[in-house]
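Note that chain A is present in both complexes that follow, paired respectively with chain B and with chain C.
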Partner chain A sequence: MRRFLRAVVKVLSSLRLAFATFVLLLVLVFIGTWQQQYESLFDVQGKYFSSWYFTLPIYGVPLLFPGGTLLLGLLAVNLLVGGIVRMRFRWKNAGVLVIHLGIVFLLTGSLVEYLLSDKGYMVLREGQTGRTFQSHQEWEISIAGGDPAHGRELVIPDTRFSAAQGGRTRRLVSDALPFDLVVEGYARNSEPKPADRAGEGEDGFVLEWKGDSIKAEANVPGCFVTMVPKQGAGPKVRALLWGEQRFPWAVRVGEETWQIDLRRRTFLAPFAVRLEKFVRRLHPGTQMAAEFSSYVTKIDGGTTSQAHVTMNAPLRDQGVIMFQEGWGPQDPRDRSLPWSQFAVVRNPSDQWPKYACIVIGLGMLIHFLIRLVKHLDTEAARAAAKAKEATA
Partner chain B sequence: MRAMLPASAPASLASPVPAASRRIALVACLCAVALAGCGGEKTVEITDKREDMPRDRTAPPGATTADRLGFRATAEETPRGDLAYDVPAGWEPLPPKPMRKAGFRLGGDPQTECTLITLPQAGGGMLANVNRWRKQMSLEPIDEAALAALPKDTLLGRPALLVDLEGRYVGMGGEADVSGAKLVGMLTELPAVSVFVKMVGNGKIVDAEREHFLAFARSVRMAAAGAGHAAGGPPPVGPSAGPSSGPDRPAAPGTGAGPASVPVRFTVPEGFEQRPDRSMRLATIAPKGATDLEIVLSSFPGDVGGLVANVNRWRDQMGLDRVEAAAVAALPRRKMLGGEAVLVDLTGHYTDMQGKTVEGAKLVGLVFERAEDTLFVKMTGPGPAVEAARAGFDAFVASLAPEAPK
Partner chain C sequence: MSPASAPLDLLRPRAPWLVALAAACVAVLFAALARPTVAEDPAGSGPSVPSSRLVRPWSDDVVALARTFPIQEGGRIMPIDTWAGYTLQQLSHRKGCKDAEGRAINAVEWALDMLFRPTLAATHRCFLVPDTDILDSVGLAHESKKKRDRYTYLELEPGAAKLGQLAAKYEQKESKERSSREAGVIDLARNLGTFERLSRALTFARFRAPVLADTDPVLRKVFPAGTTMRFSDLLARNDALRAGFAAAGPAAPEAGALHGKGKDPLDGFFALFSEAIPDTGAADALHFLPPLTPAGDHPEWASVFEITRDMLSSEKPVSPLALAALVDLERMADGVTQGDALAFEGAFRALHGRVTTEAKRRGEYAKVPLEVTYHRLDTFTWSLSGYLIAFILTAFTWIFRSKWLKRVAWGVVLASLAYHVFGITLRCVLRDRPPISTLYETTLFIAAFAVALSLVVEWFQRNGVMFALATVLGAVGLFVANRYEAMKGEDTMPQLQAVLDTNFWLATHVTCVTIGYSASLLAAAVAHVHLIGYLLGWRWADRDFWRSVSRMEYGVLCFALLFSTVGTILGGIWANESWGRFWGWDPKENGALMIVLGQLAILHGRMSGVLKPLGVSAGTIVTGGIVAFSWWGVNLLNIGLHAYGFTSGMWGVLIAFWGVEAALVASVLVKHLVTTSTPSLPEGGVGA
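After this line comes the complex of A and B, so read on.
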């Protein structure tokens, strides 16, 4: 058993493994970049960089490749095990040790962001207050019922029902609901249109698949859902849901009306933001913005505070970061009220890279000082030896 | 197993199942399990719950599927100044989008569409808009001279440019990629809006639908007041929720809805000639050989927004500030058709249909309100040319008389 473990450690810490992983990562980056000609950035990230493996047809033959998650995971294990195996825990290596701890902290921050962060955008007109932000590419079904003022919703991300196509269905269930919701006919990018023949589609409308867009954020999904009451209370009711529908589908179950919506993944921020003023300066004679920023009021419970949000100076609070991302209307003929678009990220490890850099810097300083002292000692000893020779 | 059975057990029970059969049965079971996982229904437990979510979207009472999917305007969304049009057979309506009054799928091809779009405020110029379409078709921009050479047509009763392009269609933001695409479009500028009708997509389908497109574009008109939606086509809708959805719908008073309910007759003055009839106009005359001046007689049902709105529409066209009702009431009157018309005499600048701004231009016009309609007589052109043609304008107005009933 010990020999086996020793062999495993030897492989996991080997430089050959590190080299092989780097080479495969290089190939992966090339493949991912090449494929962006045909697929959106969001899809490429999911399919190649966030996966354990993928298949790529080469001259019609599907070849299996390791994905980014597998390779980076392997590299992380290799660095960790190799560091532990090769590290010489002596005081003169203290700086190096601290540097490595900083790097580990940095990489851990990236992992935390990957696993736990929410990203999206928020658009506000001047005078408008918002508290939610939405994903550019991800969608969800939301089910809200009961008291309209209550604000409780059940949400199901699209990753859990997007396979409901080609004859497959997904039955969404919850003890909190008096019905199940069966999803079918999901199309990632679609548009409703009036049915050509009676009985086709639902309520006179069918869903037409438009082909996935090269820009993932341009896809608008649609699907059919059937509300199946529990305990046989009432008939089943079927409806077409579409991502750009004007309002949710309202369905009555017993004495209660439920609002079922297909929308971009929506997240709740811990505070509300009101856009007081959007300011913009254009390059002379053009419609290209030289600079633009937003003056906002942050409302958290009963407390308000003012903030000036720019592209490089975001609003940060309670793990949420809001950057100035865009603005409109950009057509000079459009005289609508100006609006400001913010990129919003909820990232628990937002400040970890900064702390990691501080730790790494500290480690480098420690290592420098240790080497400096050693160098001075060596020089002093050399000078003393020379002096002794001279007098001898 | 055989040893565990009693001696009286049937021989079949005592016989062992052949190993090959067991393997086949095991594989069959595994396949069945695998197949069961591939198709059919899968249950998903809902685990995400959110509290305190703002409820800014709920279905209005009585809303239908068509309302929800945007195929019919709700009463509070129907804007004033809606457009009507005749939809050619076989054109499939598309859901409305921000700034898009109407959209149709052609030839069953998801990449070939015809759209009718309005943008508030005239301006930007025809050249910029034509070059915007050219960019969508991966073509180099053109200059003013090439723009002036483009063929003309009529859209909403106004001169419009007819654009024919062939190239690779990439859309506004690079979201499309159609090789061998064609684009046929018409665009015109009104005082309050610019109107664009565009057919783009598969070259063969565009060619096949060209005549239908021209008929559709020429049929675009102001909807009758209160009608709310087009004859033969899907009803217009307001903008969808959210600030990214585009501008509010502008009103476009006085921009034509059909011929006068009481026809008039007239005499073409000496030195003038009548130009070919266009829809929305009763008559167009101009000095013989003139290309920069015309006198237009038109009529629209009702008050078309009222006197103040119509005067200000002309003021907008000439780049002048709007005026209040008191200033309009103080405008001089002229005798016309047995009654009194309001005389508008403006000097400013306007953008002609080639997209060229004419400085020092003049507009001389008469607004004559009747019980059933409003008549407009308008002369526009460079200042000196308008002054030179003023006598002819006066003679034309003096010759107007109601058409005798037949």
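After this line comes the complex of A and C, so read on.
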């Protein structure tokens, strides 16, 4: 057993594993880059970079490749076991050790971001105040209502029901609800259209699947849901939910009215923001933007403060960062109030890459200086030997 | 040490060496400054076209005035010199062309012809047609022409309408799906449109309407009989004209043509201006009139169309500067018509003075003369020539082994590098930016850095390899820059997208990544020497030599990894500041990451023993291919956030490059397999 463990550690710490991992990562990154011509960036990230493995048809033959999670995991283990734990602690290795520690820190930051960050956007017209931000690509079913005194809201992320396709169903169950919700016919990018035949679809409408968009944020999903009362109080009720419907589906269960909505995943920011003014400055005589700027008021409890959000200068507070992302209206004939779109991110490891960069840079500097001193020593010795040879 | 690998011993500070360097620097600078700016016309033959009776060619003074005349284009103030250069490049892929008699004319002369002698300009060979298939598609004749040749507007004009229709049809397709012929049709139609627009840009200056007995009564009240109305007169008297037309009421059926046919009494007023400016798009082509307000309040310069539109819509009088400038332009047009060169030049001088004075008052003219000097010095063409000469001299040193020849080669290459860096520095001063903010500038910087790094390594190793590579990389880099500039036909100093408007990140992330590109390509170049030497068996028995080559390659690769890694991480930090995520798997980010991964794989493969020196060289060449993908290839995918770097039309070159590299690596692999299975072959080098 001990021998086996030693062999495992030897493999996991080997330079050959590092070499193989780097080559495979290189191939993976190339595939993920190339495929962005045909698949959305969001899908590419999920399929290639955040997966354990994937298959890719090459001339019709499906080939199995290791995914980003597996390779980055292997690299992290190899770095920890080989680059840090098993490395001989000598002065000449000090720089390399610091570099490896920096890379581990960088990878950890990426993992923390992947697992714990929330990303979305917030759109505000001038004078409008907002506190929530919505995901670009992720969706959820929100079930709100019931007892008005408590104002309950239950949200179910799309990962729980997006598999309800092709005859499969997903039953969403909660003790807080007097009913279960059965989801079926989920289509990731769809549009309601009048049914061709009577009795088809729901309320005379069916969902037309439009195929996944190359831009994942442009997908608008839809599904059919059936509300099944728990204690047989009332009949089952079926409805069509669609991502861009203007109002949630209202359904009465007993004495309570519930509102069920399919919407982009929504997050609450720790503070509210009011857009005071949006400024778009163009390079003179062109339609090319020289500056996008939003002048906002941050409202946090009873206190307010002014902030200027522009390109390369976001607003940071309480772990949330707001970036200038978009603007409108883009049609000059549209005379409505200007609006500004902010990318909003809650990322606990926001500044970690900066610290990792400093550590890695420091490690490289140490390594470089050690190598330089060694090189100068060698040259001096060589010159001395030459001089000795000449005098002899 | 074997004689072949002995150091060249070139860098001792001796007087002849310094003299050679100084002489080379002076020669290059003198040659650049003394170069004639206009082609001579020994025959002095006048044109056969009626509208070009001015003595040809344009005098040096006129061309010099035109060069420094400021206009606003692409969001910045630039001299006509810049604008004419890239506009002609867009049409011709060159900064010069030939007129009907085969005389070479430069871009400024071409622009002057376009604006003031459009009929003559129509006979200039300024349209590059890359393939006669394009002409076949619209039935244009091309007998006695080469497959890729240059044409005049007169030759192409019969097919212009059909080209426009076809271009509109092909533009419906995705750019990736267009054939080269379809892309060529679109380009040619666009170029013809550019020509037509520019050749009509000053139509208003040639507008002349005599006031006769049968002229509209409103006009006769404003202008005395027997005079001739000019466009500037209409603008100057627009209040009286407007009032006259309004008072006259709706047009009577017998009213003059200018009076209009509509019910609105002002129809005639507007029709008058429509006649003077029949093509509003053309009148909007040149923005050469600075407003009489501080630049901060009103940064946009005006075109003639905009002045007229604003006057018509706001009823405000035209500024005195604009009016005087239009009078100058009319006098210039008269000078051309009457063949009076002095009148033309006098009016041009007055116009130049008016506009530059105002531009100086607004603080917008300071860099215009420097930009003209930048073009005049033509630093990159001269540096390219210098690198080529240095390479030829180096090749001679391989035959003659002359110390003096080597010293001259060093002098030339150092002078070329100094001039090359001087050109980059001038661009930094002109733009108030770090050296790299566009794709074009990456090529200039990569070439300069590769030459400098090669020379530094040569200083230590002194085996001649890096010196030869310095000349090759300098020449190839600047040749790519030259071709890219010609192919794009755009301002190489454009305004930047809002996200790029940060000198801190341009100076850190972009510079680091570009140094990484440069060093990676240099390492790949050294790897070529190694692999080609192995394939040819050249000096393969000289172990010391090949060990030193491998050492250089390894050292440069480590240097490249350092900058690629730091640059890539800095890019992530910038992305985190701009878009809220450190890493977004964007194609440009991925390209940089692929370079880092490739280099890490090589170094770890070398340390683990998986890769021997030949393997390291093969890997380094593959990494060079990855740099090409990251530098140019991802821009061709037309996806991702780095949209400001998109380009097109490079796939063929890239695929050829990768094909050659793959063939080289495959050949080495085959030879290595054969060699290792044949024990009788002699040992040598460091490939085993």
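Methods note: the second predicted complex is superposed on the first by the 329 of 392 C-alpha atoms of A that agree within 3 Å, B and C clash if a C-alpha of one lies under 4 Å from a C-alpha of the other, contacts with A are read in each partner's own complex, and residues count from 1 in each chain.
To be clear about the criterion, contacts are C-beta pairs under 8 Å (C-beta built on N, C-alpha and C of every residue); 3 or more make two chains touch, one makes a residue touch a chain.
Bear in mind that the values here come from a model prediction, so they are computed numbers and not experimental data.
State whether chain B and chain C clash or fit side by side on chain A once the two structures are superposed.
After superposition on chain A, which the two structures share, chain B runs into chain C.
Would you sort A:A239 into first (chain B), second (chain C), both or neither based on which partner it touches?
first
Pick one for A:A289: touches chain B only (first), chain C only (second), both, or neither.
second
Contacts for A:R152 in the overlay, against chain B (first) and chain C (second): which applies, first, second, both or neither?
The answer is first: A:R152 touches chain B but not chain C.
Going by the contact rule set out at the top, does A:A18 touch chain B (first), chain C (second), both, or neither?
A:A18 sits against chain C, while chain B stays out of touch.
Considering only touches as defined above, state whether A:G211 meets chain B (first), chain C (second), both or neither.
first
Which partner does A:V273 reach: the first (chain B), the second (chain C), both, or neither?
In the superposition, A:V273 contacts neither chain B nor chain C.
Check whether A:L26 is in contact with chain B, with chain C, with both or with neither, and answer first, second, both or neither.
A:L26 contacts chain C only, not chain B.
With both structures fitted on chain A, tell me whether chain B or chain C touches more of chain A's residues.
On the superposition, B touches more of the residues of chain A.
Which partner chains sit in contact with A:F323 here, chain B, chain C, both or neither? Use first/second/both/neither.
Once the two structures are laid over each other on A, A:F323 reaches chain C alone.
Using the touch definition from the top, say if A:F49 reaches chain B (first), chain C (second), both or neither.
A:F49 contacts chain C only, not chain B.
Which stretch of chain C would you flag for clashing with chain B, going by 168-176, 294-302 or 618-626?
Residues of chain C that clash with chain B lie in 168-176.
Residue by residue on chain A, keep only those touching chain B in one complex and chain C in the other, then list them.
Touching chain B and chain C on chain A: no residues.
Can you check the complex and tell me which residues of chain C touch chain A?
72-76, 287, 299-301, 495, 497-499, 501-502, 505, 562, 565-566, 569-570, 572-574, 576-587, 590-591, 593-594, 597-598, 600-601, 604-605, 607-608, 610-611, 626, 634, 637, 639-640
Write out the stretch or stretches of chain B touching chain A in their complex.
39-46, 48-55, 57-60, 63-71, 92-95, 105, 110, 119-124, 173-175, 177, 194, 240-244, 246-248
List the residues on chain A that touch chain B in their complex, please.
Listed in rising order, the residues of chain A that touch chain B are 123-125, 128, 131-132, 143-144, 148-149, 151-157, 160-161, 163, 167-174, 176-177, 182, 191-194, 202-205, 208, 210-211, 213-215, 218, 239-240, 242, 244-250, 259, 261, 266, 268, 328-329, 331-337, 339, 341.
Name, in rising order, each residue of chain A that touches chain C in their complex.
Contacts found on chain A: 14-16, 18-19, 22-23, 25-26, 29-30, 32-34, 36-37, 41, 44-45, 49, 106, 109-110, 113, 119, 282-286, 288-292, 311-314, 321, 323, 325, 343-345, 347, 350, 353-354, 356-357, 360-361, 364, 368.
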